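Shared chain: subunit A. Partners: subunit B in the first complex, subunit C in the second.
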Partner chain A sequence: MPKQDIPSYFFADAYKHFEMNYPKFHKMDNLSKLGLIATDAAIKGNDFLQRNKPEATAVVMVNKASSLDTDRIHQQSINDKNNYLPSPATFVYTLPNIVIGEIAIKHKLTGENLFLVCNEFDAQLLIDQAQITFSQETRAAICGWVDYDNGNADALIYLVEIADDSIKNTNFIPLNATTLNQLYK
Partner chain B sequence: MDALIEKLKGQIIEQLNLAEIKPADINPDAPLFGDGLGLDSIDALELIVLLEKYYQIKIKNPADGKMIFESVRTMAAFIQSQGKA
Partner chain C sequence: MEVFTSYHNIISPLGFTTKENYSSVLADKLCVKTCRYGKLNEQFCLSIIPDEQLNVASRQIKDALLYSKLEKLSILSIQDVLDRSRLSFSDPKTLLIYSTTKGNIDLLDNSIKQNIPKERAYLFSMANTIANYFKAVNRPLVISNACISGLIAIVTAQRLIKAGQYENILVCGGDLVTEFTVSGFKSFNALSQNPCKPFDSRRDGINLGEAVATLLITKNKNKLERSAMQIVNGASANDANHISGPSRTGDGLFQSITQTLKNNKIKIDTISAHGTATPYNDEMESVAFERAGLINIPVNSLKGYYGHTLGAAGVLETVLTLEAASENQLIKSAGFSEMGVSGKIEMITEHKKANINTILKTVSGFGGCNAAALFVK
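So, the complex of A and B:
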């Protein structure tokens, strides 16, 4: 999903396109919506979730803007002391790792998770952090870059699994920084 | 009361971002939590904000919340009882 200005109807259209049937989607902040849509795009048409146990599937994500887009909305709601009406539903999204929680809830994943913030897409960082989770009980992971700020969306979600013969016969691609950088571009 | 219930339905849909629900889908006597609209704890907080935002009502006793937010009709009755309808 290339970096682009997201029109207001993008998320609604994507929700319909992927037939998400998940009403909670509409209550989420834009970062979580982007993460859910990109994840659904990655897992659609394959049986990644079926062949990996929920407790052995990690989620590892990185972005640049953290939850700044939602932080601003919350800040605006508390700027005026005479009109002080912060929204609890907005406030709960003022942490970037909530997008991981939303993905985990939707797909019933209970494995390791990790969210990092860095200045730019860093393929090696993503690989290194995913490997940390794989050193535990993890056998698979949903990984990627999910960034949203002020109408600009930028996401790359990919699926990581420990390769065995059954996977090698599919569209398996060895995970390395060169491949990730090519995918991101 | 009926006019207030209809107005409240629209405000609940907007405040809680219930994008796939229309006012006609909401039974005013159905439970708001659990089997009814299936609202969660964050939604409960949003309903408290709704009362303050649209009706300038603050719930002084948290224990009253269970009765006030039982259904759209109980919410409407509470608003009327506060003289804010």
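So, the complex of A and C:
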């Protein structure tokens, strides 16, 4: 998937476009904002969440850069012993699975979680990992590639569910600056 | 299909093998020590593997200078398990899963001179470097899911083997003590300056610790080690409540436990808890245990010995508990003297023998995540 340099107003515009109405959004780091927007884009206009119980819905995410974008910000705050200001508001986002936590909180999803790191987008890996969570309880999964690194944002969400005893995949458009611009038209 | 735990290794300040670690723990030795650390030279209680010990052990590593501290520790740990199990990553049915929260995050600190390419701060790059050392045919799986990473790596291994994709999976978990993590947890006021006290009324925070642990998960009954137990089931669940504090009613952990024990009406002989020694975590865990009906079951936390080893914790604590269970040994919960949580739990207050046929392991982490797994002889 081609990476795109995203403009600084990307998140604010996407937030308005998807009518997110979620004040916590503005305190999040770039990775969590990207994950939330991509998930909202995927579930908007379909009843995936209504069809599947919260405790039966897993969230499986993968990326290449883990939380390095925010890690660098935290590192910056501790480089100079004379200006040493680590902040809990930043540090909490130095774990990539926080994006899963934010998605879980917003959509009240209490199912399985898994965050993987891989050097390239691998759709089969995501689907395999989601499928092995399917068990007595888990019947659906929000799977995503959500990557933010050096100003580049890259996201794609798959919705996977067991319907009539077969696995059904629904994938959505990749979310980057180009596709978001197309949505505006 | 039955899936088992098998050969294992722990590397910590207490030693470079599980055996050394186990006998040191039974002798009440702690890894965590009060020391001065970081650019501000403040006092902390940390568990750090001394460079001298690592340098001696690293003589076994071909071209050791090419590898970072965490990579060397991981290579040594994995090598121990490969040697004893006589497995090889050149076998397409054998996989490496690596569990870590921060990997080579020390590479971000430009004040530390290291001859390691900065690109190795990417977790996949570090894992590939380790896998390539062993000429692995399969790309390693990297799990980075806060403090539950190690246990969900073990559960993922069991699920992958059951799904028929692999026969053997080595799960390796590792994390370092770094200024990055120490400063971050300090900003949360989450650190104790003394050896931590899980579940105790005077607990006042965690100790950070570094370690690497490796556990072989396999379906091959001819590859089983003395401490082997069946991994019957495991599950994870999110609180969907707060990203840095656990649910007061322990919802996610309760769900993880009940899912794990569903269809397994079995008596739990001991619980290896997460027990980080923060006021909130330990209280939440006790509430979840009581809600799940796990009253009067001997509980410990190993973090009084090792500190919180983040990505290594789930693997290290499982390995040590398996080793102890093979000798029907309950390990005292170090740092505990007076009950400080409201859930009815029974703490292990001295090393003692007991019939241990089943183990429940629990973990929780930032992001509202929780997990549990059940092991049976």
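Note that in this section the second predicted complex is superposed on the first by the 161 of 185 C-alpha atoms of A that agree within 3 Å, B and C clash if a C-alpha of one lies under 4 Å from a C-alpha of the other, contacts with A are read in each partner's own complex, and residues count from 1 in each chain.
One rule holds for everything that comes next: a contact is a pair of C-beta atoms (placed from the backbone, for glycine too) under 8 Å apart; a residue touches a chain by one contact, two chains touch by 3 or more.
Fair warning: this is a prediction, and the values are worked out from it, not measured in the lab.
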With both complexes overlaid on chain A, does A:G101 touch subunit B (first), subunit C (second), both or neither?
second
Under the stated touch criterion, which partner chain does A:I78 make contact with: subunit B (first), subunit C (second), both, or neither?
second
Looking at the overlay, does A:P88 come into contact with subunit B only (first), subunit C only (second), both, or neither?
both
With both complexes superposed on chain A, which partner does A:H26 reach: first (subunit B), second (subunit C), both or neither?
first
Which holds for A:G45: it touches subunit B only (first), subunit C only (second), both, or neither?
neither
Which partner reaches more residues of subunit A, subunit B or subunit C?
C
Overlap of the subunit B and subunit C interfaces on subunit A comprises residues 86-88, 92
Across the complex, what residues on subunit C touch subunit A?
39-40, 101-103, 105, 108-111, 121-125, 127-128, 139, 141-146, 148, 152, 156, 159-160, 162-163, 165, 179-180, 183-188, 235-244, 251-252, 255, 259, 262-263, 365-369
Subunit A residues within the subunit C interface of the complex:
54-55, 59, 64-66, 68, 71-72, 74-75, 77-79, 81, 84, 86-88, 91-92, 94-98, 100-102, 104-105, 107-119, 128-129, 131-133, 135-137
Could you list, by residue number, the parts of subunit B that touch subunit A in their complex?
16-21, 42-43, 45-46, 49, 52-53
Within their complex, state which residues of subunit A touch subunit B.
12, 23, 26-27, 85-89, 92
